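There are structures below to look over.
In the two assemblies presented below, subunit A is common to both, partnered first by subunit B and then by subunit C.
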Partner chain A sequence: MKTILNSVKNIEQIFGVLAKKIQRPDLIFITVEKKQVLSVLSHLRDIEEYTHLVMITAIDYLEQGKFQILYLLHNYKNNTDLGVKTFISREDAHMYSAHHLWGQVATYQRELHEMFGIDFPGSPRVNENFALEGWEGIPPMRRDFDTLRYSQETYNFRKGRATNDPKKYMKKNLHKE
Partner chain B sequence: MKEKKYDILPNSELKAEDRDLFCDARPVPVSKLNKYMEKLVNWARANSLWFLAFGTGCGAVEVRPLMTARFDAYRYGIAGRPTPRQSGIILIGGYASVKTLKRIIRSYEQMQNPKFVISLCSCSINGGMYFDSYNTINQIDKYIPVDVYITGCMPRPEAIIAGFNKLKDRIKAGNAEGANKYAENFDYYKANQKKIIKDWNMPDYNW
Partner chain C sequence: MSLKNFVAPFYVWKRAFEKPLTNTKPLETRPGAAAYRGFHVNDIEKCIGCGSCEEICQNMSIDLVPVDGIETKDGDSGLRPRIDYGRCCWCALCIDICPTGSLNMTNEYTWLEEGDGDVDDKFIFTPGVDKKNWNNLELGYKRPVDYEILEYSKIKMTIMETAERSDSFIEMVKGYSKEEAEREADRCVACGICVATCPANMDIPEYIKAIREDDLNEAVRLLYKTNPFSNSCGRICTHRCEDACVLEHRGESISIRWLKRYIMDNVSSEEIKSSLADEFTKNGKKIAIIGAGPGGLSAAYYLAKLGYSVTVFEAKEKAGGMLRYGIPEYRLPYDELDKDINYILSLGVKIEYNIRIGKDKDFDDLYKHFDSIFFSIGLSKPYSMRVEGETLPGVISGLKFLDDVTMGIDPKIGKSVAVVGGGNVAMDAARTSKRFGADVTVVYRRRLEDMPADLEEIVEAQEENVEFVVKAIPTKIVENKGKLYFSWNNAKMVEQKDGGRPKPVAIEGDITTRTFDTIISAIGQAGDFSFLPKEIEEKLKFKWGKVITDKSRQTADSKIFAGGDVVNATADAISAIEDGHKAAIGIDRALRKI
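Showing the complex of A and B:
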């Protein structure tokens, strides 16, 4: 039976891996170049038996000016998970569409397009509304979006709402010194 | 002759060819019957509270035990109905995202007069734990008139029954005039709704 370490070794030899992290014996994350992602994904799906796409998500590295996109795959034969990561530019955020590999990819890409503003040219219905209908301004999951300020400006706060800092509140009321 | 401000609703967000398909009349307040008849009718209304089975947030999970064997709200004349046309109450089950609020407004406007609103959970009162969310409204009574609030995160079925009893008292006393309030302050509610719902592809009044 193919092991996850063998699969990672094959990827390293064929496509090259920028970074590798062994999280658990059955969970490994590899970082590959943006150009190699689609090849790596189809290799993993068709040859290494990672047939199930668990999810696609993005992480905003604001300080470095990058987005990280993570594809998490699952192998039903040996019950292991393999995460494929890649970095894309934050300024000109677009990624190659992988909707031909799994049907559900198009939905994930629609969500990423709406929540992070990452474009996937050629992906079906990628410009349509997903959960936010008629959203204007910067996408809400980007880290430079100030969600508290947006909420205060858009949805009126009811007067009388009090917020306590838990640390100070505990010190004042429970642990007087 | 003095011109009224809006006789018909503009329905300006609809496409021109669709405007004929929808009603453009404004909601009108319903005047009360005479004193004794109104009392009788209010007594009848208070004892058949049919609510729209539309779970709008996490508070809606407490409606299942409310209706099933243990709490059995049918003995109070409370029943769930599948469509807005058949129901007289809408339960706001906690937080309402902007997308859900659009559906709440559609459903509320389709309900027949007299109609009442019960709002569960703290999220619809002041935002609750989602007070800083980009997508969750903080005050439901800016968008539709609310008769009874039930606090809690989430309120237990006992609290919901207490809220229904409170609503019964209000109806019997003739104070639950939410639908008339909505019709009278229609421009205020509509302006608030349109301020946050950007993708308004429906008529101004979904009758």
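Showing the complex of A and C:
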């Protein structure tokens, strides 16, 4: 039976790996170059038996001007998970579409497009609304999205809102004047 | 239209008697996942209303509100979080940051309420206070065990190694570096719960913020607003604020005292002067202060700032009171105390040294020539042990011993010393004796945990190899060939029926006798009011040996104010400083008749 370590070793040899983290014996994350991602995913699916795409997600590294995209794959034969990570530019945020490899990829990519503003040219229906109908302004999962400002502009305070500062409240009640 | 078209709809009727091909949808609702971020619950007994949840909330959906039946008290604002579910986005940051761990989420996620005119108000609720059907649910989002937003460990303070300090009077605590202080200051959530616990109500969160922002001039201004002895307090304060610190609930409190010291260690006397830029015009009124301890000089400082001419009468040759003559140099070096005193003197406060009121100068004289009098004379009369042999040479009081050491007099204690008592004076006497090379035994009538001394003093004394004999009631002292034979009756603790603290009761016949060169008695002290003329003493009111004053520290004689250990029950430096401050305000109000 193939092991996760062997699979990772093969990826290292064939495509090159920039970073590797063994989180658990059955969960390893590898970081590969952006232009190698589709080849790595194909290889993992067709050769290394990582046939199931669990999810795709992204992380905003605002300070470094980068997005990280993570593809999480599962191998049903040896019950291990392999995470494939890559970094893309935040300014020109686009990634090669992987919709031809798994049917559900198009949906994940549509979600990432909406939530992070990452484009996947050629991905079916990628420009359609996913969950945020009529959303304007910067995508909400970007870290420069100002949650408080958005909720101030969008939602009201319910009736009867009023707060107390603990320091002042205690001064009023406790201090020995 | 063919006949078939006409009849076909009736064929479906035959299906009416067959088993359906679809499954019935279960009607019960699906429970949320085990760690679902559903509706909030709050353990209101555990919650102290620090407001960290409100502060971190990204949507301003949390208010802190008073709750019936929850009292505002030391360490608890009495407020509890109320959440606006029209704004909450279930990010759970409020749960992650909660320093007491009282706020959590359940996996309940449906809340239907009949609509009426006031429907808006229903989805704003106080978890744990308002009755909700999810209040007792076990499942739901909790902060993961190894995940903390806050830092719960103190930045370690460098303290001189035991071996090095046992025979040295050099200050043992080294103080924080800039980097350490800023990291420690970073841990503070600025809830302000500590402020009410500080006897002087110092603005702790603000001066910690000034450290974070590296604005020590502003920090000094904040300190002096309520405390002109910050350099000393940064070293020896009883730091009750730290007991109230919100981080204490799941970790270690902020080292508030060491942060105060960091500020004062890093500003020179010139910088203190330029930061404070105290300016005032003299109002022509004169105030007499008796006792140049923290209480008296604190009053002097705030009175001088209000424009009064202040004269302080001090019986000893130097100022500082118990800070100088009671607290040993390894905890508070004299030049650090002088830094505080010198700034106060720079405002024109005069001290007349070696003047004992009632002996070198009459109280009546002050009463006649000054507009108001404040006395803060401390407790100088040691309690008697009431045992045979107490007056033998070699038996001395803790106060006298510490006094002599401060004045550079060799106390000649010999090789073995017994210290009787369990308070801070006893610890200071024991540890000072150790530094003179003696083997030291502390003899205390109750248990270690009953000792009124600060825990850190007890621990440090133990580290320095001071021996502790507890549950020992002194019975007699006998002298033979220069040696003191000290006997005590071993005791057992007996619980009190009325719920009072357990009492030591002598075990009959169980007597221990050991020999010592010196016995230091430090079982407490009382105020000495013999300086007061008879008619004044009769006019003032006393209870349990303390002077009774009103909130402005005014005594029963409207011209006389009092503070410090002879007034307050806590009898520590910071309380005396607060008394001085309050008396200064009180005197000003009384003289300006407002």
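FYI, the second predicted complex is superposed on the first by the 160 of 177 C-alpha atoms of A that agree within 3 Å, B and C clash if a C-alpha of one lies under 4 Å from a C-alpha of the other, contacts with A are read in each partner's own complex, and residues count from 1 in each chain.
As a working rule, a contact is a pair of C-beta atoms (placed from the backbone, for glycine too) under 8 Å apart; a residue touches a chain by one contact, two chains touch by 3 or more.
Since the structure is predicted, the reported quantities are computational estimates derived from the model, not experimental observations.
Engineer: Is A:Tyr155 in contact with subunit B, with subunit C, with both, or with neither (first, second, both, neither)?
Structural biologist: Both partners.
Engineer: Pick one for A:Asn164: touches subunit B only (first), subunit C only (second), both, or neither.
Structural biologist: The second partner, subunit C, only.
Engineer: Does the superposition put A:Arg24 against subunit B (first), subunit C (second), both, or neither?
Structural biologist: Neither partner.
Engineer: Output check: A:Thr147 vs subunit B and subunit C. Expected answer is one of first, second, both, neither. What do you get?
Structural biologist: In the superposed model, A:Thr147 contacts both subunit B and subunit C.
Engineer: Which one hits more subunit A residues, subunit B or subunit C?
Structural biologist: C
Engineer: Does subunit B (first) or subunit C (second) touch A:Gly134, or do both, or does neither?
Structural biologist: In the superposition, A:Gly134 touches subunit B alone.
Engineer: Figure out whether A:Leu174 sits in contact with subunit B (first) or subunit C (second), or with both, or with neither.
Structural biologist: After superposition on chain A, A:Leu174 lies in contact with subunit C alone.
Engineer: Can you pull the subunit A residues that subunit B and subunit C both touch?
Structural biologist: 147-148, 151, 155-158, 160-161
Engineer: For the complex, which residues does subunit C have touching subunit A?
Structural biologist: 49-51, 54, 58-60, 62-66, 72-74, 77-79, 84, 86-87, 89, 118, 120-121, 123-124, 191-193, 195-196, 201, 205, 551, 582
Engineer: Note which residues of subunit A are touching subunit B in the complex, please.
Structural biologist: Of all residues in subunit A, those touching subunit B are 129, 131-136, 140, 145, 147-148, 150-151, 154-158, 160-161.
Engineer: Under the touch definition given earlier, write down the residues of subunit B that touch subunit A in their complex.
Structural biologist: 98-99, 102, 125-127, 131-139, 142, 195-200
Engineer: Can you list the subunit A residues touching subunit C in their complex?
Structural biologist: Checking each residue of subunit A against subunit C gives 147-148, 151-152, 155-171, 173-177.
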